[in-house]
Structure formats: C-alpha cells, structure tokens
Amino acid sequence: MKKIINHPDLVVSETLKGLALAEPTLEYIPDVEVIAKKVKSGRVGIVSGGGSGHEPAHAGYVGAGMLDAAVAGNMFSSPSPDRIIEGIRRADSGKGVLLVIKNYSGDIMNFELAEEIARMEGIEVDHVIVRDDVAVEDSTYSTGRRGIAGTVYVHKIAGAKAATGADLAEVKAAAEKAIANVRSMGMAMAACTLPAVGRPNFELGENEIEIGMGIHGEPGVHKSEVQSAKALAKTLTDFLFADYDFDNSRVALLVNGLGATPIMELYILNAEVHEILKSRGIRVVHTLVGNYMTSIDMAGASVTLMKLDDELEELLLAPCRTPGLKIGG
Amino acid sequence: MKKIINHPDLVVSETLKGLALAEPTLEYIPDVEVIAKKVKSGRVGIVSGGGSGHEPAHAGYVGAGMLDAAVAGNMFSSPSPDRIIEGIRRADSGKGVLLVIKNYSGDIMNFELAEEIARMEGIEVDHVIVRDDVAVEDSTYSTGRRGIAGTVYVHKIAGAKAATGADLAEVKAAAEKAIANVRSMGMAMAACTLPAVGRPNFELGENEIEIGMGIHGEPGVHKSEVQSAKALAKTLTDFLFADYDFDNSRVALLVNGLGATPIMELYILNAEVHEILKSRGIRVVHTLVGNYMTSIDMAGASVTLMKLDDELEELLLAPCRTPGLKIGG
Amino acid sequence: MRIDSQLYVAYLLRAYELIRANETYVTDLDLATGDGDHWANLNKGFAKLNDLSEELKTLPLNALFQKIGMTMMATIGGSSGVLYGGAYIAAGKKLAGKEFMTAEDLRDVLQEMLNDIQTRGKAQRGFKTMIDALAPAVDAFTAGLEANSDEKELLGSVKRAAEAGAEATKKMEAVRGRATYQADKGVGHLDPGAVTMAYQISALCDTVAETL
Amino acid sequence: MRIDSQLYVAYLLRAYELIRANETYVTDLDLATGDGDHWANLNKGFAKLNDLSEELKTLPLNALFQKIGMTMMATIGGSSGVLYGGAYIAAGKKLAGKEFMTAEDLRDVLQEMLNDIQTRGKAQRGFKTMIDALAPAVDAFTAGLEANSDEKELLGSVKRAAEAGAEATKKMEAVRGRATYQADKGVGHLDPGAVTMAYQISALCDTVAETL
C-alpha cells in the first residue's frame, strides 16, 4: 500500500486540516472532525457527514449555497453523536438545522441520537435520509437502499433552498423531493484500500469488474467481464431505468469517479450516457463529471440521474461555492 | 489493463466529445480534436494544447477567463500543426492569439510550425513556453525544463489578462511573468498506463516512489523509499526552494494529483506543504488542491508555487469559469 | 460473584488482548461481508479504554459504565460504536449506588444492553448481528440463575451460548448491517460483530470465573 | 537506379511491415527513455499511408512526397510526426517535374530531409536522435557516389551505415527528446527514433536493390 499519509490514524484529521487551509472561509474543528463555515449563514443550517473516505464528500461541500457543516467519522465509519452535535451547533443560526443522512444503519443510529440530544439543547433539528443506490433492493424490512453519489444533489438542493430563506419544513420538503427523484448505480474495476487495513477490500480478476458495489467497498450485485464504455453506460443506466421512469423528462446527470478513475474515462462514459439519454428523449439540463463521492482509491464510476421539475432545476442551478462544487455565480 | 474506454484509438475524440456534452458553452471540433468556446471572446485569444492524457488539461481550461481553444494530440503526443491552426482560427477575434506551449521539443516544433502558417493566413500569433519542472536541469544546451502543472497558472494569468482587454504584447508579458515565477516538482507512486500500450510506463517496487518523473511517465530524477506525507512535502518543496527564492513572499499553491491519487491524500499533502511555507514566512494567497494536470492514471502528486506580485495576484483571483477550474464570480 | 470496578476493568483489559490477537481474522470477516473496518474500530475503542484503565478503576460502577459508553461511542464510531456506547450508558443507569455486581446484577446489565441494542438497531435475533451472540448469552444466564447453577458452571454456559450464537450467524441471512447488500446476504460468513461480542462475553466470563 | 512513385510506395509498404513486426521492441525502447508511444505513433502513420497506397502510386513524385509529409505530420503527431512530415515536404520540393529518382536524386532527397530535421529539431549528430541513423546513411551515400560504387553495394553500405548509426546511439547522451530527462541521459539505451529511422532506410535500400 502506497499512500501520501503520515499515519492511518491521522488521515481524517489531516485531510480536514488540509481542506480548511485551502479554503479560508472554512473552519476545521479538531477532535470532533467538523468542517464548518466561519460565518454562520443566518438561514436554516444544513449538516451532513458520514464515514471518511468519500472526499470531497462531505466536508468539501461546505460553503455558500450548500452545507453549513460536515461531520467526519473515521474511515467508512459513521461519526459519533458527540461529533454530530458539534456540527449541528456550528450550523445553527436559530432557524433550525436539517441533517442529510445517507442510509446506512450506523449513520442513522448516530445521527438520530445526535438529533435527539441537540433537540434537548433547544435546537430545532430534522433529517432526511438519502437512498439512491438502485443496486440494492428497496425493502422496508431490511435497512434498504444505500445513499451514494446522489447525496451530492440532495446537499445542493437543500443548501439552495435554505439560501432562499425558506424555513426548516420547506427545506426538508425540497430535500425530500430531490431524494424521491434521484437514482444512482455504480461499478468498480479495482477495490479500495483502507489505510488501516493495507490491502484491497475485495478481489477482482484481471478482466473482472464489480457491478453495484457500495461506496465502502461492500461487495456488489454481481461480477462481470470488463465491458466497453458503451456497454457499461447501458448496464448502469438500465438499472436506473428499471427502477424509475426518466423517459422524456429533464434531468441532472452526475458521472462520478470513485477516486482513482482518470477524468478522461469519466468523460468517455459521459459521452455514452448522453447518447443513451438522448435516445430516450431525456433532456440533460446540467452535467457534472468528476470525483464527487469517492471510495478512497477505488477505480470505477457511478451514474446518477435526478429528474427535475421547475423547482429542482432552479435550486440546482442556483449559485454555490464550495471546494467540491461550484455552480453559477 | 481495465479502463472505461471503447477503443484505445478513440479515447481522445470521445473524451473531448464527453467534455463538450457536459459543458454547453463549448464546442468540439472533430478530427482536429479542438475544444473551443462557441462564442468568440472578442479579446486576444489564448490557445493551449499538447498530448492527451493530462485531463482536465487542456480542453478543460477552455471557458470564460482562461483559454479560448485547446488542441489535443494523441496520448502524450503533440498535436500536429493542422490541428493547432484550427485552434488558432477558433480563438482569433482579430486581436491576435497567444499560444501557451509546454516545453517539449515535439510541442514546440508543432506549435511553431502552426504559428508560422497561421501568420501566413494573416493572424497575429505569438507564443510563450512554460518550463516549470525543477526536476530537470535548466539548460540552454538541451531542451531544458519540461512544462508541467504550473501551466495551469499560465493559462489562468494569460486568460485573465486577455479578459481585461489587453493587447497581445501585454497578454504575452503577463504570461511570461507567470512563467518566470512558477516552479513545480512531482513524485509518483505508480506509473501510468497508455491505453494503446496496456502496461505501466515504468516499474516501481512495492515500497518505491519515483521523484521528479515527467507527466508522460518519463523516468524521474531518482527513486526513493516510500515517505510520509510530511517527508514528501519537504522533499518536493526543497527542490522548489533550491531553485527559486520564495521566502517571505506571497504565493499561489497548487497541490496537484496525477490522475489516480485520492483527494484525501492531496489534502494531507496540502496540510504539510502549508506548514513548511508558513515556517519560511511564505504567505499562501490562494490554494488549489485536486487533479489539474494529470498523467492518465498515475498515482502521485506535484506541488507548484507561483510567486505573486500585485498584478499576478489580481489576475489569479479574477473570475474564470471552465470545466476544470472555477475561481471567483 | 462480586464484580467491582476493579474487576470489570480487568475484564476490559482481557477483552482488549483477545481482540488484539484476532486482527486478521476479524478484519477478514468484515471484508467478506462488510467494509473491513470492524476490527480496527473496536480495537481503537478498547485501546482507548486501556489508556484510561487506571482512571476507570477508581470510578463507581455506574460512572464506570457511563464512561465506557461515552468512550466507546466517541472512539469506535460506526454502527458498533453507537450500539455499544448506547448499551453501556443504558446499563449504567441500573447500577446507580451499587458498589459491586452480583450474578443477578450482571444478568440485568446484559439484558439491559440487549434491549438497548435491539431498540437502537431496530434489530431482532436472527438478523445476523452482534445480537445473535448476546441474546443467547442472556438466555443462558437467566436459565442458569433459575436453575440455581454453580456460578462457575453458569459462567461457562453463558460463554458457550455466546460462542454458539456467533457461530450460528454463519447460516443466517443478514437483515441489518452491511452484509444485507450482498447477493447472498452474507450466508456462509460469520457476522464480525457477533464474533467480537462473543469475545467480550467470553473474556468477561473467564475473568469473573477466576475469582470464584 | 530508377525510383518512381510505384516503387517508392512499395518501399513504404515494406517499411510498414518492418515496423509492425517490431512493436514490442520499439515500444520498450521508448518506455526505457521516453514515454512509450513512439511505435504506436509511427505505426499509425504508416498504417494510414498503407490505406492510401493505391492513390499514392498514381501521384507524381513531388506530389507523393508532399502527400506523405502531410499525412505523416497529421497522423503521427508528436516529435516524429512533425520531423518526418517537414522532411518529406521539404524533400518534395526538390522533386518537381521529376518522373523518377536516380541514385543522385535519392541522395539529395535524403540530404534535404536531414537538413530539414536538423533545422526543425535544432539538433545535431550525436544528440541521440533519429539524425544519428540518417546522417551516417547520407554520408555513406555520398561516399559511395563519389567512389562510383556499384549501386547494389552502395545501397548495402547506406543500409549498414544507418543501422550502425542507430546502434551507436546506445552510448550517446541525449540532448534532444525525452531521454534528456533521465539522470543518465539515456546512456545504455538505443534511441527509438534512430532505430525506426534505420528500419525505414533499410527497407528503402532493400526495396530498391531488388530492382537492380
């Protein structure tokens, strides 16, 4: 394992420190591993977070028009409630705070406990749960769908809605609308390596790829032979279309790299996805191509579609300025 | 070799196609592999380009406040003069065109020939040559220093100067000032793989890293044992300081990933570099952390410093909106 | 049976040893069905408790449990952090004013932990989680107390029940935790959280049994 | 010696074969000191010429050279594309009105190519480039003509000079091209561009010699 690190135990804190040094409007709060805006927004606060290893998520989305604070757990591990509470405090301008949680039981348990305690402190808190990964069965019995790259859109929509001066219930409703309309599907060509583990999270043969793996290196739905970019675009979007009817709608498209995928390959995949969408009468209003929700050093990509109505389109295109995403302005 | 591609011969054209589809203000001109603004700037035009494999460079820097057109060669191969001439034509608003060339003999020969022909067509053309890589001896006898990640700053400065309405000589002077003040140094932990070659460009042992390799996988200055992020920051910046006196100045800092380096690691490196700069009384006015000048799927990073005066600082912070870089706005 | 803070901390150190000795094994279990961090998470928590052990020994039982809970929650993170943390904090409330735990107290504590984990995790027995090691251990404890078993024997049966429970997760389909994402729901693999729960129960039983 | 467009195109096809047969060898040479693409670049250029061969055969010599030059420049790209392209275009100018090349014409053409490459590449003999195969070949050609050698022998000496020249790059320090970036300036490695230049000269000599 070769990584630019000092020690596996220090990667989370040093990453956040490095982020704050690059972005003077942000503050790093050590120990609780929170990144927050130095100046509070005066609006409903948006807080997200989760395990580390998904950079630029989540700390990279703190900034004007998106998150007010992000809370980092250890690698692939939910942050604990004490950290989340600090994030909530930093985001709170007295107008309430919305937590954007990815659907993992660890995250939910920690965020819900934090929410409870923050409420006892007198902060109005609510939450939404992102579950966009169509690789996983949508079941109410089990934990159900994971939250993956679509979370970036939920951050954007919630942050833009908050920036309009909307109240907590309105911000939550916008975030819920984004969640209802966003779907993602991913594939990996090489597994990620946790700094503390030192070897890849799963094994793939010379010509094998993993379809539908999780962003923590959880095994996928099935393995397949290496596919061309064209075939891959079809494989991934077929999963999306089987789950949700995007035909003849307008959408936002995110072609997301998992950390070690060259941007070149993401653009090639983007060209293929655009072609498929066109053939279905789907109009792409906005495209993002890049590393937005990664899995440390995994090689691979995911495709996310969010169906837009007038409100979502307006919120999506509203300006935001964060280290990880800049739109409009 | 696992890559999201259709065929090695198609990677360049499909990448540019995918880029233009993601960015509706840009046009892809097939065969000559040019990305240009759909609407001409009306100012001095800035054109850059070079071999492909450095995405988002160069096409990703076309847009308001930076390049007017970028010309792509095959993987790691200079574009031919016919392509470059098309790029010059697309960038020309009648106010002249500045070519930003990276110092490789192939690029220089092709760009200079194109410049000659474009002049015969009546377009006023001039050029600057970026040579920021301190890994290479600065010799007038041999080709001399390569142009690497510092080129991004030269694009930014030239584009910002052109946006002020400056004439070609003034734009060239600003670009030359950037070149005179910018230095870079890189290291690799794993070599890149050309799609057409199918195997890594050089071999590195389990615990070996390559110091000062080129962005085309050219071998480096020497190999070293894996180093901590702190040691690495020192190794790279020591090369910079040995070459140029940055002490007690203000600078722009670019911590650049080579394509397959997790953003987490770049932020950790950034934290270490900031610490070193602080200890030397160097004030960082602006920091970029991310994949800006890559080597396909190389794992590793480079550190670039540009010393700023009032003019360079103002031009650096002037707004730009391109797929690869967004500042201000 | 007389478990005071001193003895409980001795148990913690023994559990830490057992966990440390099984790094590769537990990591591999979580790599097979989850994200590979369970051992690292838990180890970090116990390492922290180890660092604090001198201070912990001096605390009254309820404060000890409260402190263990806060420490585990903050240090382990992830699912197991909040589950263990919540369980310790809940159980601590049962220990107010107590200088030591009797067998009945220990059973009550384990029962309270089980309840808290089930509520917080929205999980039942058979979901292929740490509950599948803890629940049978609590059952065995209750049965042993009802049968008035010899305390050493009782502890032995609790330990065996936890271990058998962990073993039984192998054939279960996961309903909670990351193994649910696998096509086969993790069938054929032990649940890492159940295995490390069994380590802890086993270390606890051994530590206490040696004082009898 | 009577080289018309038909024969020159036959040479191109032969050179293409020789290049194709040495993919791994040439790629490895450029991997050792450069960026690994030299074979792929050159092969792409010759593949394109191969596609165009029927059309090329019908062109007058000067137009043929012009077309080869434009094609190589646009298709090969990189350093070798512009160097070969420029060389062919320059040499083509010498061939206006000629239906075929004599031995003297061919020497002049090679000399003109050498001049153009040296000017454009700002490179001299001994810089560890393709020039180190071409220059000795031109020397041998001139010497052979002056000595009034038998044409077959002359071509043999030109071919051997090119090959020896390529071989000699092994001990040279690079001054131009990517090998200059190596600590050892590529000493101990052949220059890939010199090797493929020798392939072309050798294919040319063989093709022409067979008609004598």
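Residue numbering begins at 1 within each chain, and the chains themselves are lettered A, B, C and D in the order written.
Keep in mind that, in the parts below, a residue touches a chain if its C-beta (ideal position, glycine included) is under 8 Å from a C-beta of that chain, and two chains touch if they have at least 3 such contacts.
Every value quoted in this text rests on a predicted model; they were computed, and no experiment measured them.
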*With subunit B gone and every other chain left where it is, what groups do the chains form?*
A, C | D
*Taking each chain's centre as the mean of its CA atoms, how far is subunit B from subunit C in angstrom?*
55
*Calculate how many whole Å lie between the centre of subunit C and the centre of subunit D, each centre taken as the average of the chain's C-alpha atoms.*
76
*Using mean CA coordinates as chain centres, what's the subunit B-subunit D distance in Å?*
32
_For subunit C, residues that touch 2 or more chains besides their own_ = none
*asked:* Among all residues of subunit A, which ones touch two or more of the remaining chains?
replied: none
*Taking chains as nodes and touches as edges, what kind of graph is this: line, ring, star, complete or other?*
line
*So which chains end up touching which?*
A-B, A-C, B-D
*asked:* Under the definition above, what is the set of subunit A residues touching subunit C in their complex?
replied: 9, 51, 73-83, 104-106, 109-110, 113, 135-136, 141-143, 146, 194, 196-197, 201-202, 214, 216-219, 221-222
_So in the complex, the part of subunit D that touches subunit B is made up of which residues?_
27, 31, 33-37, 40-41, 44, 70, 73-83, 85-86, 120-122, 174-178, 180-183
_Residues of subunit A that touch subunit B when the two form their complex_ = 2-7, 11, 14-19, 21-23, 52-53, 55-56, 60, 189-190, 207, 209, 226, 228-230, 232, 255, 259-272, 274, 284, 287-289, 291, 294, 296-297, 299, 301, 319, 321, 323, 326, 328-329
